[in-house]
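Each of the next two complexes has chain A plus one other chain: chain B in the first, chain C in the second.
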Partner chain A sequence: MKNNLAIAQLDPRTVILWSLVYAFFLAAQKSFLPLLASLFIVLFYIVLTPFSCKEILKKLKPVNFFLLFFWLIIPFSLQGKALFSLGKYAYTLAGVKFCLLITLKANLLMLIFICLLLSLSPSQLASGLQSLKISEKLVYLFLLAYRYLFLLKEEKDKLLRSLKIRGFKPKTNLFTYKTYAYLLGLILLKAYERGDRVHKALVLRGFQGKFPSLYSPKFTQKDLYFSLFSGLNFLLLLYLQLT
Partner chain B sequence: MHISEGILSFPVLLSGWVYTGGGLFWTLKKLSANDIPKMALLAAVFFVASLIHVPLGPSSVHLLLNGLIGVLLGSLALPTLFISLFLQAILFQFGGITVLGINTLLMSLPAILAGVLFKLKPSSLWGGILSGFAVLGSGVIAALVLSFSGEAFLQVAKLILIAHLPIAIIETIIGYFTLLFIFKTKPELILNNLGSKS
Partner chain C sequence: MKPLVSLKNISFGYKREKPLLQEINLQLFPQEKIGLIGPNGAGKTTLAFLITGLIQPWQGEIEILGQVCKEEKDFQKIRSKIGFVFQNADDQLIFPTVLEDVAFGPLNQGLKPEQALEKAKKTLKQLNIERLASRNTFNLSGGEKKIVSIATVLSMEPQMLILDEPTVGLDENSRDKLIEILNNLELAYLIISHDYDFLARTTDKQLILKDKKIIYDPSVVLHKHEHAHPLGYVYHTHK
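Showing the complex of A and B:
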């Protein structure tokens, strides 16, 4: 951790609650001003994350890739002053403005998500959700799914490797689809049986539907400072929007 | 299949969360703690399966598999898909907090419907057809929520719908063969669900 106000050292509940407040606030915005103003708070959060700028940019790639699709289509489908035209289709200023707005909004939302929620480890996130009285079953589902995810990915890679040494080359044909379907079926079976074994192992250790966690979140002074800062900024943003 | 953050309008996002919150509350109530490990593993499978690139002509597509999940799990497809989508957001930044409700809706509603229809005639061919239709259903819902969010998205919505057609065909084939495989090797995986126990 870079400094002792780092987000990973806060109470996960504080982080989760503020990420929700900001995410839903940002998602409701329809104009540039509040979005640009909230850039300030997002920049502050970036300082407190364990990620480098390069890592953050990499994490922003999927959302911007998705948005590219909108940049290619929306300006052609809106009416307005044309910037340039391709045949009878005009690339309009109104469309560009609209795309700029959703791009800014989407990136800010993702930055909040990355800086706040992704700074927490999955176990911190889970214990935070748990102490916020989110359904325990849902939290266990998340924890167990996360724990076995990597194992199943290895399983998939292993099966694909064994296909490869038999000279399998994926093509657009029925044989390929059939092979993939059987591969999927096999992973499903293995996972189902593993789930059964995991359950038996848990029962053997006295599983009664609860996973006690050794980590219990505490609201400390750091959380107070963080909340004060986030809260004041939020009030400022609200004020900006109301006037 | 997901929609990114920042695109949909606020009322649409909220209704997505109302559906997902209500659905999770209702489905998790009937999920026994003893079934959690199995469900978690299945959620992980669908996450992993969505990493497989299936070739289609010069490009490749990802599988959605929501129909298959619905056929195998019935209404429990909702929490499974929710977890799977949440993991995708955390690990790959596909989607985010506010849009998770809508993404769960567009994947799980056709899944649950496929599960209900599959019970009428549990055969691998019918299951395959339902898998294809579930993909189309997701495409339709994605197009609808986009067009509810603003007229600007109409064109994009149409394209998204068209993009789902080839995936639906592939999922029909893959769904059919996967179910054929499961019927041959471990039919209780499908038939257990038919008793609507787990």
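Showing the complex of A and C:
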């Protein structure tokens, strides 16, 4: 880790709880001032993550691409002072404001999750969730999904390649849809079989429905400082919102 | 000497009226190294699943470490004594890092996290792969995955190993490494494989599974044979 204040060194429970607090707070905002203030605070957190600015921007790309559609559609559908109009449809100021709010919120939420949750390793996150008494099944689901999504993708790539080799070109016709349906079915079937084998392997190593955790989270002084810092920030945000 | 595993008159099939294995008898003694050869679909892996109780036989008796095993409960007690290495290492490696994966078995055996970690590190050292400890399990090469999956069962300190097609997909180098590791193990093991040369170098006795039966013919001699590859005329050695 870059510095000894890094988020990865904290108790995962602290990190998960604070990311939840921020997430709920941000999601409930309807005005700009607390959001802008939050943006300022998030910048502090970025320093504590192992990611570079470039990496973070890359992670934000998909969200903003999705938001682009909001910008294209919503301002036309709200009423208010028109900025310009296409035929009889007006692009309204109220719509722009609304979109700006959504964009700011979405990016902030992503930033908080990137800074806090993504800084933890999957096993840290899992052990944190486990000790917060989240349902064991959900925790396994998370751990196994992390491990096996990659393999599912590989399976899909393999099948797609085998289609391509045999000259398959996707078109909008029944044949294409049928082929994709078979492909999906095959992936599901293979995933099921793999699941069966993985379960066998787990049972052979003494698995009895519980994943014992190798690292038990500990609340240390670092967590206290981090919580104090986050708490102060949060109070400031609340104050801004209430006045 | 008492056998580690003893199968008596085991019959099994996945479909009714279509037995895959019929009245199989098999014994594995401590320190014994057995190879099991047979055509595709002959039921080699099925036999291994029967030994570990993942499936139940139609008839017959399975005795492991002197205990007759009938139900899932009986098998749960002895499973950690049998290390099963799957054909596809990806089915076996589950956790984000190698060290966690190797520590999983010992944790299930009831060890404390520190002890399990200690044991995992020891196992990695034994197999000379300490450098992989913090690597992601899915970023390893095929050969590394195979050796790590062996580590994940060795850390449970089993009394025997079952390896299902361990050489599939391994290159010459990884294969040699695997042979070296197996030859250095002081454990009984059963290797399922098609690779005659590999079996000749790692096992003392080879059984053939054919037509629902196990055949042992000591007169069958596994041998290495001539082979061709580019640059064959350049001086080189095969181990």
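Before moving on, here are some points about what is shown:
Everything that follows uses one rule, which is that the second predicted complex is superposed on the first by the 243 of 243 C-alpha atoms of A that agree within 3 Å, B and C clash if a C-alpha of one lies under 4 Å from a C-alpha of the other, contacts with A are read in each partner's own complex, and residues count from 1 in each chain.
Going forward, contacts are C-beta pairs under 8 Å (C-beta built on N, C-alpha and C of every residue); 3 or more make two chains touch, one makes a residue touch a chain.
No experiment lies behind these values; they were computed from the predicted model shown.
With chain A as the common reference, the superposed partners chain B and chain C fit together side by side. In the superposed model, A:205 makes contact with chain C only, not with chain B. In the superposition on chain A, contact of A:110 is made with chain B only, not with chain C. Rounded to the nearest 10, the angle at the Cα centre of chain A between chain B and chain C in the chain-A superposition is 80°.
When the shared chain is aligned, chain B comes close enough to touch A:181, but chain C does not. The wider contact with chain A, measured as residues touched, comes from B rather than the other of chain B and chain C. Of the two partner chains, neither chain B nor chain C is touched by A:239. Of the two partner chains placed by the overlay, neither chain B nor chain C lies in contact with A:84.
When both complexes are overlaid on chain A, the residue A:146 reaches chain B and chain C alike.
Of the two partner chains placed around the shared chain by superposition, chain B and chain C are both touched by A:122.
Of the two partner chains placed by the overlay, only chain C lies in contact with A:215; chain B stays clear of it.
No C-alpha atom of chain B lies closer than 10 Å to any C-alpha atom of chain C in the overlay. Chain A residues in contact with chain B (one complex) as well as with chain C (other complex) are 122, 143-144, 146-147, 194, 198, 202-203, 207-208. By the touch rule above, chain A contacts chain C in their complex via residues 121-123, 143-144, 146-147, 150-151, 194, 197-198, 200-208, 211-216. Partner chain A is touched in their complex by these residues of chain B: 4-8, 10, 13, 24-25, 28, 31, 33-34, 36-45, 47-49, 51-57, 63, 65, 72, 79-80, 82-84, 86-87, 89-90, 92-94, 96-98, 152-156, 159, 170, 173-178, 180-182, 185-186, 189. Within the complex formed with chain B, the chain A residues making contact are 19-20, 23-24, 26-28, 59-63, 66-67, 69-70, 73-74, 76-78, 95, 98, 102-110, 112-114, 117-118, 122, 125, 135, 137-138, 140-149, 152-153, 155-156, 170-172, 174, 176-178, 180-189, 191-192, 194-196, 198-199, 202-203, 207-210.
Contact residues of chain C toward chain A in the complex are 49, 52, 54, 76, 79-80, 82, 84, 86, 88, 90-97, 99-100, 103-105, 107-109, 113, 116-117, 137-138, 152-153, 156.
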